[in-house]
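Heads up, the next two complexes both have subunit A, just with different partners, subunit B and then subunit C.
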Partner chain A sequence: MAKYGFLIDASRCIDCRACLVACSVENNVPMKSTRIWIKDSGVTGEFPNLERHTAPFHCMHCIDPSCVSACTVGALQKNEDGIITYDNEACIGCRYCMYACPFEVPHFEWDQQFALITKCDLCVSRLGDGEAEPACAATCPTDAIQFGKREDMLAMAHNRIKDESSRYVDHVFGEHENGGTSTFYISPVPFEQLGFPSTETMESPAHFNRIATEEGTPIIAVGAAIGMTGIYLAIEHNQKKNGTDKIEHVETKHDSAGKE
Partner chain B sequence: MGINIKIKSFNALEGLPRFVYVLAVIAALGMSAGLYRLYAGLADTTNLSTVFPWGLWISFDLTNVAFSGAAFTLSMLVYIFHMHDLHAAVRPTVLFGLLGYSSVLVILFFDLGRWDRFWHFLVYPNLSSALFEVSWCIAIYSAILTFEFSPVILDKFKNEKISKIVQKMTIGMVIAGITLSSMHQSSLGSLFVIQIHRLHPLWYSLAQPEFFLVSSMAAGISTIIIGSYVSIWMFKQTLSEKIIEKLGSFVPWIFGLYLLMKIGDLILGNKLGLLFTSGMLSVLYIAELLLTLAAIIWFSVKKLRATRKNALNGALIIAAGIVLNRFDVTWFAMKSIDGATYFPSFIEIALLVGVTSGLIVVFSLAAHFFPVFSETLPVKDLPQSELVALKLVSIFCGRLMI
Partner chain C sequence: MTKTISRRDFLKISAASVGALAVGQMLPPMVAKAAKESGVLNAAGDGVISTMCEMCVWRCGVLAKIKDGRVVKLDGNPEHPHSNGNLCPRGQSGLMNTYDPDRVLTPLIRVGKRGEGKFREASWEEALDLVASKMTEIKNKYGAEAMVFSSTHNLSQPLFENLLYAFGSPNYGTQRSLCFNAMIVANTMTYGMEEPARIYDDKLKYILLTGRNLLEAISTSETSDLSHAIDRGAKVVYLDPRYTKTASKATEWLPIKPGNDLAFHLALLHIIIGEKLYNRSFVEKNTVGFDELKKEVSRYTPEWAAALTGITAETIARIAHEFADAAPHALAHNGWRTSNFVNSFHTQRAISILNALIGNWDIVLTESGGEESGALGAPPQPAYPRVSALRLDGVPWKYPVVPFKIGVFQELRDNIVSGDPYQAHGWFISRQNPVMSIPDRSKTLEAFGKLDFIVTVDIVLNDTAWFSDVVLPEASYLERYDPLLPFGDKVFLRQPVIEPQGQAKSALWIYKQLGERLGLSDYFQYEDEEDYIRQQLKPLGVTLEEVKAKGYAEAPETPHAGESAEKRWNTPSGKIELFSDTLAKVGFSGVPTWDEPPQPAEGQFYLLTGKVAQSTQFGTQNNQLLNKYSDEPRMWINAQVAAKLDLATDDWVEVTSEVGQIHIPVLVTQAIRSDCVFMTPGYGHLSKGLTTAYGVGASDSVLHVTYTDPISGGQALSQTFVTVKKVEDESSAETLKPLYSGE
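Let's turn to the complex of A and B:
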């Protein structure tokens, strides 16, 4: 099945925040806990050549998502469309995903009595209802957020950079970051300027996590169990061979009345 | 050669130390702070934030689990390696382990956003999650610790039949306990393997699970040595210097391995340069290495580990190294985002103090009503010279001491 993807073009974003409103309405959440927000370069340059760049930012929907790998109760899952879904019925609010995600995407409802994670699920229920696009993409007046098949979005990103090389830095953010994602960004300024997290590894941390949890832990467990049993039996055997009296655990004698 | 385990008849502990009542009040206050947090949510009661979703509570939990490693380390020495001369320390140590893990679970409960769903890990599995595995291991291991502690309770009620069954199952349970401990001690390190973008490279390592596992054994030994000293003035019971000396003699091996692994990690990870260029974090990392080295040297010298007081100082060096390491990994060496910082709130600290006080109260009550200190050495049997030294200290602490 074709995977979904986004192309977000910072050069087209006018910081109108219609996408935030759309997200708030679609997901029925207050504006302060939308699952999309604006990354802002701040004002740069010298007067009169001032510049300011913005870009909407939401879950990258990684190909090998670290949050899914980390989630204690499997509330975060990757579905067959490549969407990272979130099950608010399972989540226990441990916040491990917030440390696992290199893009600082999962947020937490700090002010709630029963607090959960908030994260873009690509309007999965809206798409299920037959709508063509997630709310943010449908709303964006300048087409800064575009939605479609992942490979189409990636091709479009490269085409735009090729066609207007003066307009963009030559970097499709999300193509290789974290082992590849489903959300691609192109921008007129380097992504660090927009306040994007720099992911130093091109391999998803999920990969390292699996080495530890799916390979390391079983080895340690089996090693400990076999090692301990072996050492115990060996010493036991040796002591018997050497005619050592079997060690008896002397029953503790004491007055059962305790203190009184 | 036969090993005789001579067990002294259980000395009923004299009245509870008075400060236990004070601690009980503090525990109650701390728990009320926790209840208030459940009511009010995390925003108003803690300083946790999007940048630092985990704080003091998690740092404390990880430290506490390391020190509670005393139970599996000692049971390994006594039951697997047949060092039955260390047996006198088993009961208090197992009780400490059990309560240590319990307090971790209590604090985790208050830490969860959906604390009403704390049991979800039982029914929603994610096999690649280190935290899922830690949850299961700690849950099962707590049950095993309860089993390992059960002879103390059975002793009190003199139930020979059940006692026999328990005794037969002991070795199997001990092996299961060590296996589960190896798993969760190391998996707590695995928690940070996924955080390559957050944890400072000096600490970030694929070998983090092994670092935590190995160091927890040294932490465990320090727990027993420090505990044997604390129990002098709390329960007028202690361990013989022979036991303390023997336990201490393992420290150079454990920490030696740990230090080699740490230095190997620095070299293989090409991180030696970072040791001198990371500012305050360099200082913290070097401090960890020096404390580890100091503990190795301390416990290598027989004179320094052979007396109760010297061993205590050595154990405090270990403890300082462990606390620093766990706080570094969970807190100090976490990269900030946008310059945000974290410092715990009053309620975060209050809950911690409360739960720790509660731990001591429950320990004291258990030791008061059950034969926890049945094989230990009563303080009154200590040599006169040592008693004098202890009495001097007691002047400062009033009723608390002898």
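Let's turn to the complex of A and C:
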């Protein structure tokens, strides 16, 4: 079966957030959660020689997914087509996947006492309805998010770098990270500058996770669940105190500027 | 603050209802009856309805996806030239606009003082009778001209115009003078059309954007076009005092000093003419007034412009050469917002002329179709009564070249306050929020105080509705029909996707009901919305059912001026007017000329405003989905200046202009000139009926001083100067003038 894949081109992203809104509607994402974030380098440089780069960021759909290995109850599954799906009926809210994922993708609804996770499932139901693309790729006005067969996306990524070597750094993020993923990024600047996780030491941790899971997760999970309830209460308290109901959807690398 | 249902609650609800889920905070809405009856859905209730967006005025084609009889998602229509299958964040949030928990669901009649927000629910019968009787009373007592009408550009506008012109009032306000009058009037004087269409083809090599922040002020197809042109390697030079997202994608960003775009463009004309870089055969054949232009621009050297703009003479000269070298595949885009000064008309004329000189007509710029089609039918109606009263907005007696349909909105407001040349007594407002949009909010509320009667038509209790006597609830764009929109060789349909909430009604219905009560039935000769559209479609031989299924109908294009005869441009000379006799005859310079803009005094900043991708003007901040993904509205201030003022991001400042004062947190950034600060418009709402938006941010209209460009009537939005002072507390400041306190 053909595997799906994304190519996300930071040089094309205008940070309009159409993908974030489209995802929220398509997947009925709760108002206080998001499945896509904007990775934002912030404005760097000295006036008037400035730079700024952004890219939407969501589940990488790893080939050998750490989250699936870490999930004790089978709530996270990898499909034949490469999609990592999530079953909220099966989830016990242990949050272990959050620690397993090197990309920090699974997020919890911290304001819910019985938290579920929220994560991109590649609009699996939308694709099931016969649509060609997930909601984010379908709506992107600049084709910064493209969707297709994994191998085609990877080839396109390399071709773009080859054809316009001055426009991109020579790195397809996601090709080798965490043992390889289904989401590929290309960028005009090194990915650390965009706030992506460092890739130097990132190898597939799935094997280690599996050992950890088999031997220790149930206890960890129960402990974690108790701890997280405390975090929920703290967040609930802080939100009430600050009167904020905003979610953090833009992750700026540099704090000093640019997070408008 | 925001009303939300938790996911747990939602899961409970949706578990009970079968089928797909839609926007988190509501049940997936049932599909509209009209759509169900049109046969676009299969037996299971699945299908797609084609309609048009109205989250801004660009009007993208929308496909509403229906599952199990419920509306689950809006997508861009790949067949519509304005969306090409994409929607921006605002378009994507459309369902939340219709399902805003703050929707007004019944007509409301004020019971408290104006601005207290106390209303009682009323029947349509009672509300419409009241509006008609108040309008008639004003007409009988003071004349029809004492009723002012205003509405923002929309597809039902022809019926709105029927209402006001048949009623007999000349007083018609639109939003345009607050936005792009300078561009529209300049193009009209140059090309005989409001705005030529732009062609972004594969050959386009060079794009000069003057404050046109196209990657944030999104017009979906044009934003895509620009982005794709950049991907193809087109050079983009972008002038803006602020490092916007467009600046970050441009080849070259020039942080020009506000108010001096005109100097930059005059210097480009100087070089292109002086060094004979223009297209001589095109200019000789298609333009008039070259000699007058040449004489005028001979004094505008790049060295002269460098001192004014902060851009070096070498850079200006290089750009002139690059632009001419790329001809005819070069575009000078008429920006409209970032640097609006009283000299903006001449800036826009210079840009329009720059295009003409390199002969890019029909290659980069071309005739735009407009929104009227001779191919469409219309219900019969008598001529309008003759109106002899002067317009309160000074058109044409003070602004002789401003088109009637555009007007000078801020002047209209000023003359409601002054009572000169006569006193207005009533204001009928539709789909508009002048309390937020017109500069100097206190003065707008003062104008309200002069009026006996104010009625607002909107889908929510916007700030203007909050201060109104009667509020009429309109159906949202997903709930109603509007008149057809001609575009190229097609006419597009907006049709109901969802049943109207509560008792909300379409504009076509509301205006007709009022027309009948005012004795103006002859101007509204249609049974209902569908009948109106059937009458439009009659000459095409197409049924409404066919159009509903496809979303559009083929319609022969109305011949343009250029195709009908020798006369290619609808100007007095029939040519592109580098020198305009029309302007000269009413005492303005016939060619673009330097007009020194005012500058901030020591310690003051230019107050800049501009769009962000997640909101449209003053009307979308209450949309929960857009609110979810919007940045906190902070005021940008240059990092070096902030250091001097001991300011860090999120520190609060007091910002003061000649007319008002606000408190707002700052964003300390390199991305703005040191002599400017920037605010996102549309925040600081007064209406507590907007529960999502109320209490968020501060209003730029509180600070904006009213300055009008004497030629185009455009509001000089960037000509307000402010002082900035650090404050310790976060409490909102009162405006300098007291808020409206009358009845």
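Here are a few things to note about the model shown:
Please note the rule applied: the second predicted complex is superposed on the first by the 201 of 260 C-alpha atoms of A that agree within 3 Å, B and C clash if a C-alpha of one lies under 4 Å from a C-alpha of the other, contacts with A are read in each partner's own complex, and residues count from 1 in each chain.
Here is the rule we go by: contacts are C-beta pairs under 8 Å (C-beta built on N, C-alpha and C of every residue); 3 or more make two chains touch, one makes a residue touch a chain.
All figures in this text were calculated on a predicted structure; none of them were measured in a lab.
Shared-chain residue A:28: touches subunit C; no touch with subunit B.
In the superposed model, A:47 lies in contact with subunit C only, and not with subunit B. Applying the stated contact rule after C-alpha superposition, one finds that A:197 touches subunit B and leaves subunit C untouched.
Of the two partner chains placed around the shared chain by superposition, subunit C is the only one that A:139 touches, whereas subunit B remains out of contact.
Touched residues of subunit A, counted separately for subunit B and subunit C, are more numerous for B. Of the two partner chains, subunit B is the only one touched by A:74; subunit C is not.
Using the contact criterion defined above for the overlaid structures, shared-chain residue A:91 touches subunit B, although it does not reach subunit C. Once the two complexes are laid over each other on the shared chain, residue contacts for A:116 go to subunit B and to subunit C alike.
After overlaying the two complexes on the shared chain, residue contacts for A:2 are found with neither subunit B nor subunit C. Where the contact sets of subunit A with subunit B and with subunit C meet, they give residues 109, 112, 114, 116, 245, 247, 249-250, 255-260.
For subunit C in complex with subunit A, the touching residues are 1-2, 4, 6-8, 10, 14, 20-25, 65, 67, 72-76, 85-89, 91-93, 95-96, 215-216, 218, 220, 223-224, 227-228, 231, 243, 245, 247-249, 253, 255, 612-614, 624-626, 628-629, 631-632, 634, 636, 638-640, 649, 667-671, 673-674.
Contact residues of subunit B toward subunit A in the complex are 1-3, 5-7, 9-10, 12-14, 38-44, 48-50, 53-54, 76, 79-82, 84, 87, 111-118, 120-121, 124-133, 135, 151, 155-158, 163, 167, 171, 174-176, 178-179, 182-183, 186-187, 189-191, 193-198, 206, 208-209, 213, 337-338, 368-371, 374-375.
Subunit A meets subunit C in the complex at residues 12, 14-18, 20-22, 24-34, 43, 45-48, 50-53, 109, 112, 114, 116, 125-126, 129, 135, 138-143, 243, 245-247, 249-250, 255-260.
Subunit A makes touch with subunit B in their complex at residues 66, 69-75, 90-96, 98-100, 102, 104, 107-117, 195, 197, 199-201, 205-206, 208-214, 216-217, 220-221, 223-225, 228-229, 231-232, 235-236, 239, 244-245, 247-260.
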